[in-house]
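Next come two complexes built around subunit A: one with subunit B, the other with subunit C.
The block that comes next holds the complex of A and B.
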């Protein structure tokens, strides 16, 4: 088991070392207005939405599914909340509304996949395409700016550490507890390995699949709140754009197979941190915008190659069987 | 059977959403409008890029309002940022035999075939806001839009005159490869060349607030001394303001901020002194477009390049202008 997380850990450490070499002050932290301030804190705060979405994605992928609509759902959550607050609404009510609406969208995805049996990639593509339209409709094509101290806290607030990362880590802990301390994790994995066999063995596959899509949509909704609250504005076009790809990448870097079954929450955490560190690295060490994508691609390819099953076999190691520590 | 129903349901849903999408951006989005005829009224087919930003929405509104005011029968379509949709829209305008076609091309290339069809049908074409990349300039009558290099230059000139000892500039670029990003960078660099001012770090913020904020956060940690932020649009500048505040500095005082666009949120920040200078990029080109359209239809000569009328704003000017900002 350990070796599966070895390469992501090494990649993360290598990126951090690269940063320290170029910018010696990279690790320096100081207290600024009662909260920690530094590059590492930025990585945690800006990585929080990706981590949260990747958590939902991990469970969906474990059931051999995929959810492409998370970015659009995130945009809708921000749009609903900001529009409600801008119209004079209570920020708590606004956030509640957004979460409720996104849960419904999750139900829709789950319905398409588990009841109608549509391929997950197609089923969620519907909402990926249509979702931004819905968000645009809600904001009427404008960037809605709000001035709400309460709402600001979600994405830009601090309790010494950024509130956003505290929320994401809390959800990570909760998911770890619920899926690893009960049989739920095993059931999710069994559905991913073989839905029919699981059903015949008495596992309620349909309910489980439905649940993970709703969970993924809720994660996306909270992430959408963080993204929009971070800049106190809802941008229906750009909020959470391509974040579904980052989330899937985080899951894959973390060693969870897209073929479903076994999943690793720790791996997803590492994957999300690698992706955000990579972005921050690009800005910090001053890589030219024209070659940013190439730089990112090289790092991602390197990490994926190092993790390839063949590479592990060459290393002469045997994969662990079960019991992934969360 | 079930699958068929689902497919149908999905199709209906998508169609409904698309309809809502274009309906939301204006009430003139009727594609099934009656065929244009020769009643002396000018019929204009306009193929818009989409509704991707507040700037674009203001652009759309301006065109719709000015068309109504000028008595032009406007057929409006929203391409949702896809070239194929725009080409389809232009073809349908050709079939409807409109008097003049205007559009903001989504991308620069790939327009020769459809523009040739328009030319053969004797329908004049006006480009707005963005140019097309074609060797055959006879395919369109004129190009109405902003001069992005000039915008960058104005920003640089102001900084030169108001530097006050500032030296180190960080730049937040627009989307890599986009014409406004390339040109605003070039104009600014040209203007500050030969002075003490230099760009010490530059990175793309993708024209978004979160992009601007993230890049600025990183700059604040990796660049030892930042005196000025030059952002290619207001939104990235607004993101940078958030990052500067979080670092315990005062935007507009400790670090000067210059942006381009002058949308309402940007003007608000300018009036509050958090941005120091904004170069306008005017989306309200409806009036100029209608005037050009009338001339083109009447067969008058028009210049091949018409630059939109736009100005610049300082904090004081922003305070007086702000109540009138519609977008």
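The block that comes next holds the complex of A and C.
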């Protein structure tokens, strides 16, 4: 486990060092009106939605699944909240409505995967596509802007640190606590490694799979609230666009295998930070906009390659044990 | 005697921290079937992999056809004429038989694969081993046994001088084994040297000309088969006295109440409706060939498959079997024959695997306390002699026998009333086998009901108080424990022996 996290840690440190070299003030923080400001804080704040969605994604991937619909779900959450507030509703009720609706969407994904047995990538592709349409229907095709001080706190507020990152870290702590202090983590991994054996051992595999999809949808909903709150607007087309890809990437960089099974929440945290730092780095070191995406791709490939020898070793061990030593 | 085609001298292979092989000599002559025997972990697979270039040698020399060789990859060994067929069929199930046989060396025409010539060439190769199937048919449309034979056809397609068969019979029934052996003899008579690894002693004596025994990575003995008695072979493999197998004595105690009663339980296309009663404190053996319905009976009783007729009573009360959980709640435990696919959770530790069923029963919100888990693990590691005795080791790294013990322990910690064991001793070494049989006898003595399924009749007869015989997906007989192996064999084979048939009817009626 420690080994698997070595390369992500080194990659993150390397990126930070690169930033300090280019911008000597990169690490400087200043306290103003009880708010911390600085590049590091920006990274944390902007990375909060990705981290949150990646946490949900980690558990889904651990059960051998994947959830492509999280970006669309995030857009729906923003759309519902903003539309309700714009119509004069209470922001708390609006956010509650959004979370409830997204939980239902998670139930839908879980139903397709665990009850109907549809492959996760296809099952969630349905909502990935349809979800944007639903968000459009809710906002009636407009970008809905709101002016609610309460709602604005979620994405842009500060309690010394940005509230968004506090929420994400709280969820990280909660997930770590719940999965490792209860048996949920063991059962999730067991279902991910060997679903048939788990079923015969009496594990409620269906319930577990259902649970992780609902959890992923809820994470996406909160992330959607952060994104839309930050700009005080709901954009059905662009909110959370491609964020599912960043989330999957964060999980993979963090060392959780897409084949399911053992997962690492710390790895996912590192993965999300790497991706956000990378995005920031692109701006701070002044890379031309037209090659930003290529630069990001190169770094991601490098990180994945660095992990590769470790992963091959792990894979070799797995293969070794299948050929039972005689 | 002729010159050996393979001559391995002083072979040592080391893995980090482990000496897998130490100064082993091994010879293989053309036109012989040579059995390589040993317990799990003795170094059989390692020796094969040293020969085929998978593992580098720490010391020693390999001569092939008189020349020193040092293969660095299995492909080199194969190109030189050493072909290996592994335990699991290593082919592409969705391709045709011909494509599988000639994969990577397809006949070409204008740069494209020439389908007609490929099928013709495959048909020749199949004919060589006397296997008459359509080369154009898809591989997965054939039973596993035929797929195994196709793997052999593929192996000999490259004019193999040495054919290595690593436990090829572990998933085959008696007829299929006979077919495999016929093919092995054909190849042997053509001068191919066959290296054969198996756990079945009967097969060794039926097919092999010579036996090499390994133990703990060292060479113990090499003998002509005819000169080595079974008891000598087993004691060479075990290196200890063979008392354990004899220790199981038939208990004279009376079984308790009927725990589980199946009335007309069946499933279309799987097994015909059958009646079965299992009492507390007795071991019921289920005998029959592969595909006779013995596994299907177990799966129906556990709710792993749903019955479409009949009903099941537990302690006299009807049980609604909606799935494995319902069975587990009623006190039924089931260990599947497919250890890898339906038993172990390979990446998780021994501890996690051991408490899995207990944890599943408690639900996720009530974790098994770490202290209790550690106590249970320590207890069962000692009780069942699980090796290595490391609770944190991933269970996939254990040998087959030890994995089986972990699975047994997984159910024992839940203290079931009825334990269904489907082939708990398949593919594991003699020592572990004896330990598992002993545990089964002890559990029954303590009042547990056990349904014991095994392909090995001697084992079924030795362990069981009653033997239920399955044939062609039907229950054909139920016999008292004092029955002999030959009687059961006759029932399994079926046919016209009137005396036995009469006995069957009586036994079923009683």
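In the analysis below, the second predicted complex is superposed on the first by the 308 of 326 C-alpha atoms of A that agree within 3 Å, B and C clash if a C-alpha of one lies under 4 Å from a C-alpha of the other, contacts with A are read in each partner's own complex, and residues count from 1 in each chain.
Here is the rule we go by: contacts are C-beta pairs under 8 Å (C-beta built on N, C-alpha and C of every residue); 3 or more make two chains touch, one makes a residue touch a chain.
Just so it is clear, the structure is predicted and the values come from calculations on it, not from any experiment.
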Notebook entry, point to check: If you stack the two complexes on chain A, which partner ends up touching A:296: first (subunit B), second (subunit C), both, or neither?
Noted result: neither
Check: Touching A:129 in the superposition: subunit B (first), subunit C (second), both, neither?
Finding: first
Check: A:182 contacts which: subunit B (first), subunit C (second), both, neither?
Finding: second
Next item on the list: Could you tell me if A:141 is touching subunit B, subunit C, both of them or neither one (first, second, both, neither)?
Entry: first
Checklist line | Of subunit B and subunit C, the chain that contacts the larger number of subunit A residues | finding: B
Checklist line | Partner chain(s) touched by A:238 [first = subunit B, second = subunit C, both, neither] | finding: first
Next item on the list: For A:112, decide between first (touching subunit B), second (touching subunit C), both and neither.
Entry: first
Next item on the list: Using the superposition on A, tell me which residues of subunit A are in contact with subunit B and, in the other complex, with subunit C.
Entry: none
Item checked: For the subunit A and subunit C complex, residues of the former touching the latter -> 181-184, 186-187, 189-190, 193-194, 196-204, 208, 261-262, 317-318, 320-326
Note to self: Using the touch definition from the top, list the residues of subunit C that touch subunit A in their complex.
What the structure shows: 38, 40-46, 86-88, 166-167, 197, 302, 304, 323-325, 328, 334, 336, 340-348, 352, 356-357, 359-368, 394, 396-400, 410, 427
Item checked: Interfacial residue positions of subunit B with respect to subunit A in the complex -> 2-3, 6, 10, 13-14, 17-18, 20-21, 24-25, 51-54, 56-57, 173, 176, 201-204, 206-211, 213-215, 217-219, 221-222, 235, 238-239, 242, 246-248, 265
Next item on the list: Sort out for me which residues of subunit A touch subunit B in the complex.
Entry: 22-23, 25-26, 32-33, 37-39, 42, 46, 112, 116, 118, 126, 129-130, 133-134, 136-137, 140-143, 145, 156, 227, 230-233, 235, 237-239, 279-280, 282-286, 289-290, 292
